[in-house]
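Sharing a structure here in structure tokens format.
Per-chain numbering from 1; labels A, B, C, D and E assigned in written order.
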């Protein structure tokens, strides 16, 4: 039984790795600030929590598991707030999101 | 955390790979054209270094590198860079080649010494087989703290750490001297500066109000936990400073300054170092050497205390008390110095804005 | 026979802890100065710290005179586990030098700071000054290689900011301080990498332990690379010839009280570390220490003596002349150190002590009379405005030029004799040429101050405050006293040289 | 403390006391001047007593202090030193009288400092004279340079300050760059720097290094004004005449050649000087200096510069004497030092008196003036005859001795140079006297009103002129007295 | 062991390369902040060298584990008993803790230097208006010439 949970945990971690790669590609390829912030927060929130859950499953019932839960809670609290702060700062300093299709220059290009 | 890695060699290979990544980062840093890129590369460099240190079995150092290297350094670098020009002009060849040759000569000189250096990870090398091993063997008997690094840091080589804490005080004194001019005048920074983050947005203030107490608690945990796991005075001090800086970022430097004025911060830095030194003096008054924690508690008093289970019946309450005492002193010094440095840079940014705006 | 033999300065319990208290006292004074509300309190605490350190240094000198080497295991753990403060004749010679100059500078610091910096910075300046004193005293007493690095950083990080504070008088202090920071940190980091290399060969950080392991070890290349790096690092810190670019800027723009203390002690302690590593620690490696001394340091020192003196002649700013003269004097000292004979090292240490006192007096005088203008011309006719200070300055200048009846003269005499005896004719020629140029710039400064009439446009110059005068005249008088009867200082220098050379041969 | 030691301390102490008191009473003219005269008188008595002690074969000696183990300030009298000290103190007395008259007539500023520096310089001179080892001699030699600098720059204007700069640079520089290393090396090699009859280094050092040391010492003692290090002497004429008279005829320059004499006799010794090629080279340089300086003196129109250039050439007489390996050379040098001092100080004082009375400084303006100032010009005549070396005056003995010694030691070049230079100096000084007495009166001589120099500036030159005359008779006693300094190593 | 032998020159070589690169940046870059960053890299690479010395293959962090605790046993399972016996302490092989202590100090010293350096840079920017090394040198040379003229 423990073996199965450990394998599920590993699956979680591999998924987390996939997510972070996606996030990294997103940061490089997305056209404007806000989409890039979204991609970064995927890595920051999604991949990190998935990895923590994976390790939680692998750690089984031990003091480490409790610590991992606290870490997961902490990530859940801070990462979205960080992304929000980043977006707020970007908006505050005058960056406007590109609306419509990025390939065709939209009318209200500032 | 159980390890899944099979053979010890795999660790070495992984470490070598990470080191290659670090070298790549340095190359990127060499070619960077904008200051912000440099700062971010430096931050990534520190974080990867922290990861590499974990792989090299140095959790304490990884912790410090992450908090001091990536956290505080990046913050003050950004603070200084905000007000200066961003683009880095290319250096004239004339002035480039002489230092370049000097660095190459240094590199070759050091590379020549490669053949005599101990093999990577060799347990029989002089460093690992002589004093390092003595520490591992003597710590339970002498000090009784499981974390040998903290034991060596605080007790065996406590004098080094005292020197290092005075280095921090020196940095604090230096920064306050240079940039503190406007700070300790009675009116703190004129208008509210929160480094241009839209203050008062509910999400941030709620998150901050929730997080700051947790961070402070975590800092004290790291301080107390120093003897058992990775942690200690420096890391705790930086985390405490991080909490204060978070408060300043979200609620504005003026609020934080009202809660913790510069005069208090400056005095705490001095008190931290003074506390550390006075523990040394108390040891002398009790008849031991300078910073000899065994002399802190009189043997009669110590006999009454329960003996710690780990050290096989030896009571080391004097050492434990001493280590905790100096770690608190170090935390106080580090936290207040980092806060003072942040005040200095934050205060300066507002001045540059006025200068910029005017 | 050391002049301190049989002298008792304190009760045995206090003497037993002298090494640690000598370092902890100025550190505590620094904290109290940082805490103190007003400049006056900060000055009292810094003066108290410096005096206590001097008292401890004297106790140490008596203790070392009696029992040869004083070893103090900090924290109660014997080396190689714990850190050991190991003070022998060589170490105590430098502890005395640093603490004496510390007391003198601290005595004069109140009035000098008042002339140059706003009132609110004085407390922190005193704290920074005390931290620098802590670092330097730590360096002279420590017996642990890495601990030396830590104290090197303690002494220099404080001084970077202190030098930058000279911007209130001369804005070039900022760029000079930045250059000083970069060069100083590179020097310290080279030093720590060198110690790392030695650690990789010996496995220990205690210097005496390292010396034994080095003589037994077979892998020489890493050890030699380590020694080379340590020498380059300390050469940067001691402003040895090719790596001296930072010194003129820092010494000419920094606040006078800071530069007075640094000119007398900072570069000197780095020379002490150089002697300690190349003669004691590298003693085991047959030929490495001597090889480095003869083929790397000696030629550089010779060039330094000549080129720096010639550059000093062409400067028009007073403090910049003195900065280049400091680089030349370091060249002299290193020529003596590398002469390979005990007589040569004795003469070098004696010259080092005399020059340190003289340089501190000169910078204290320049600061005490409120010499704000950089150019030498602004000092014209200062002799009339501040007769007492300028007489002390004149005595010091004569000592710098090596005029008779001053310590500088006897030291140069002994150094030339030792070098000639050792057959190093090129070194004798180098010193002869540079003492000729030294005479030129000293005569120029003296003539401007004493024999010229006052120019109306020159900035106002006023007599020094009593405390500053006491400090200045104490040092000037002792530099003349050691010119007349140098037996006390000479014996100390000879014992220090014997213990340094004795350990290696 | 034996009587001898008290005398030595007095010889050093009195001028120091004079200097101190002169500074203290700088403002009260009469007290300051009397103090200087009394001190000069006391110093002369002490030096004469020392001379007597040495002559009677009981040379006092004293080890004053030991600043560094192995180096001691040691005084020991020997005939040449005692003679030099006595001469210097006597002329110091006369020069003090002269300078009181001169300075009061010209109402010079800062006279307190003037007399103080004079006293200090005199202390340095007696220090060098009495020194028993090269270290003490070097110490007081350097003190002399720094003590006389304020005197050279007494006027305070740009020319005297430039002269002062050249003065310190050449004298101090040569001492620091050449003399100090040489003496330090001797101390290191021989363990001590004591003057030993027959030479300290005799037998300890072979010719080549000793030769190098000899060159360094001779050129290092720039006060002896051997070319090319002679430029400071004509420059120093910018100083007031009492300074030129005493310092640049008696004290400073004589100290230089005295030091070379003592080194030649006491450090190197006759064997080394005879064998080393360096001495030969130096002899030719000295000969060249004698000739060139005498020739240049002819071209100089200013009276004081003419005397200065003649001094440069006369000094090289003494240097050649020291470098001739024959005993008579050193004795001749010592005697010449004495006779030239008396002769040249007389001439300088007369020139000063003429300047005070008639404001004349150039040779061409002197014609016809002698009839208005017969006594001064008579003294000038006696002085110049003694310097030229004609029979009824002391100068003759010393030149005779030097020339015969040169021939005896097989140095025809030096002998020829000396003879030729005597002729040149005759051609240089006699026209002044002749045009003064017989020339038709120039505008200075025709000026109405009395042309009288103050009494105090006329008496001293007359006394020294009498001295030149007296030296002729006691010449051979002085020679026999000086013989012992030139013996070979026992 | 042959893998470790092969890795040694590579790993130390990288460490020395980072030192040389950091030194190069600190000495040649024209932007003062980049110089400080170069200095930081140089100091951190000194740490790398120390930590490379401290690693013991198969060792774990220097936190003393109970001889028979689960973690100790799982660690022991991966190494052969002879290796543990000779190099381990109470049944567990640890890396050398001493360099860790030294590097803790070096990191903090690096941060302190960075803080002081940056405050000097801020002051330079406020007084000179530029942080470019070449411009600063030009400004100072001009100031020196003016200084000499008006005060002479």
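Some notes on this structure:
Throughout what follows, a contact is a pair of C-beta atoms (placed from the backbone, for glycine too) under 8 Å apart; a residue touches a chain by one contact, two chains touch by 3 or more.
Fair warning: this is a prediction, and the values are worked out from it, not measured in the lab.
If you take chain A and chain D together, no chain is in touch with both.
Distance from chain B peaks, on a Cα-centroid basis, for D. Relative to chain C, the chain whose mean Cα position lies farthest away is A. Among the chains in view, C has its Cα centre nearest the centre of the complete protein Cα set. The pair of chains sharing the greatest count of C-beta contacts is B-E. Chain A and chain C have centres, each the mean of its CA atoms, that are 57 Å apart.
The geometric centre of chain A is 31 Å away from that of chain E, both derived from CA atoms. A straight line joining the Cα centres of chain C and chain E is 29 Å long. In chain C, the residues that touch at least two other chains are 146, 150, 153, 157, 160-161, 164, 193, 199-200, 205.
With touch defined as above, residues shared between interfaces to two or more other chains in chain E number as follows: 19, 23, 27, 53, 98, 102, 105, 109, 112-113, 116, 119-121, 123. For chain A, the set of residues touching two or more other chains is empty. Screening every pair of chains for touch gives A-B, B-C, B-E, C-D, C-E. The part of chain C that touches chain E in the complex is made up of residues 146, 150, 153, 157, 160-161, 164, 167, 171-172, 174-175, 177-178, 181-182, 185-186, 188-189, 192-193, 196, 199-200, 205, 316-317, 373-375, 377-378. The part of chain B that touches chain A in the complex is made up of residues 1-2, 196-198, 201, 203-204, 207, 210-211, 214. Residue ranges of chain C in contact with chain D, taken from their complex: 343, 398, 401-405, 409-410, 412-418, 420-421, 428-429, 431-433, 435-436, 438-440, 443, 447, 451, 453, 483-487, 490-491.
Residues of chain B that touch chain E in their complex: 2-3, 6-9, 11-13, 15-16, 19-20, 22-23, 26-27, 29-30, 32, 35, 38-39, 42, 45-46, 49, 53, 56-61, 64-65, 68-69, 72-73, 76-77, 79-81, 83-85, 88-92, 95-96, 99-100, 102-104, 106-107, 110-111, 114, 117-125, 127-128, 131-133, 135-137, 139-140, 146-149, 152-153, 157, 160-161, 163-164, 167-168, 170-171, 174-175, 178-179, 228-230, 232, 234, 310, 334, 341, 344-345, 348, 351-352, 355.
Contacts from chain E toward chain C in the complex involve residues 19, 23, 26-27, 32, 35, 39, 42-43, 46, 49-50, 53, 98, 102, 105-106, 109, 112-113, 116-117, 119-121, 123-124, 127-128, 136, 140, 143, 147-148, 151-152.
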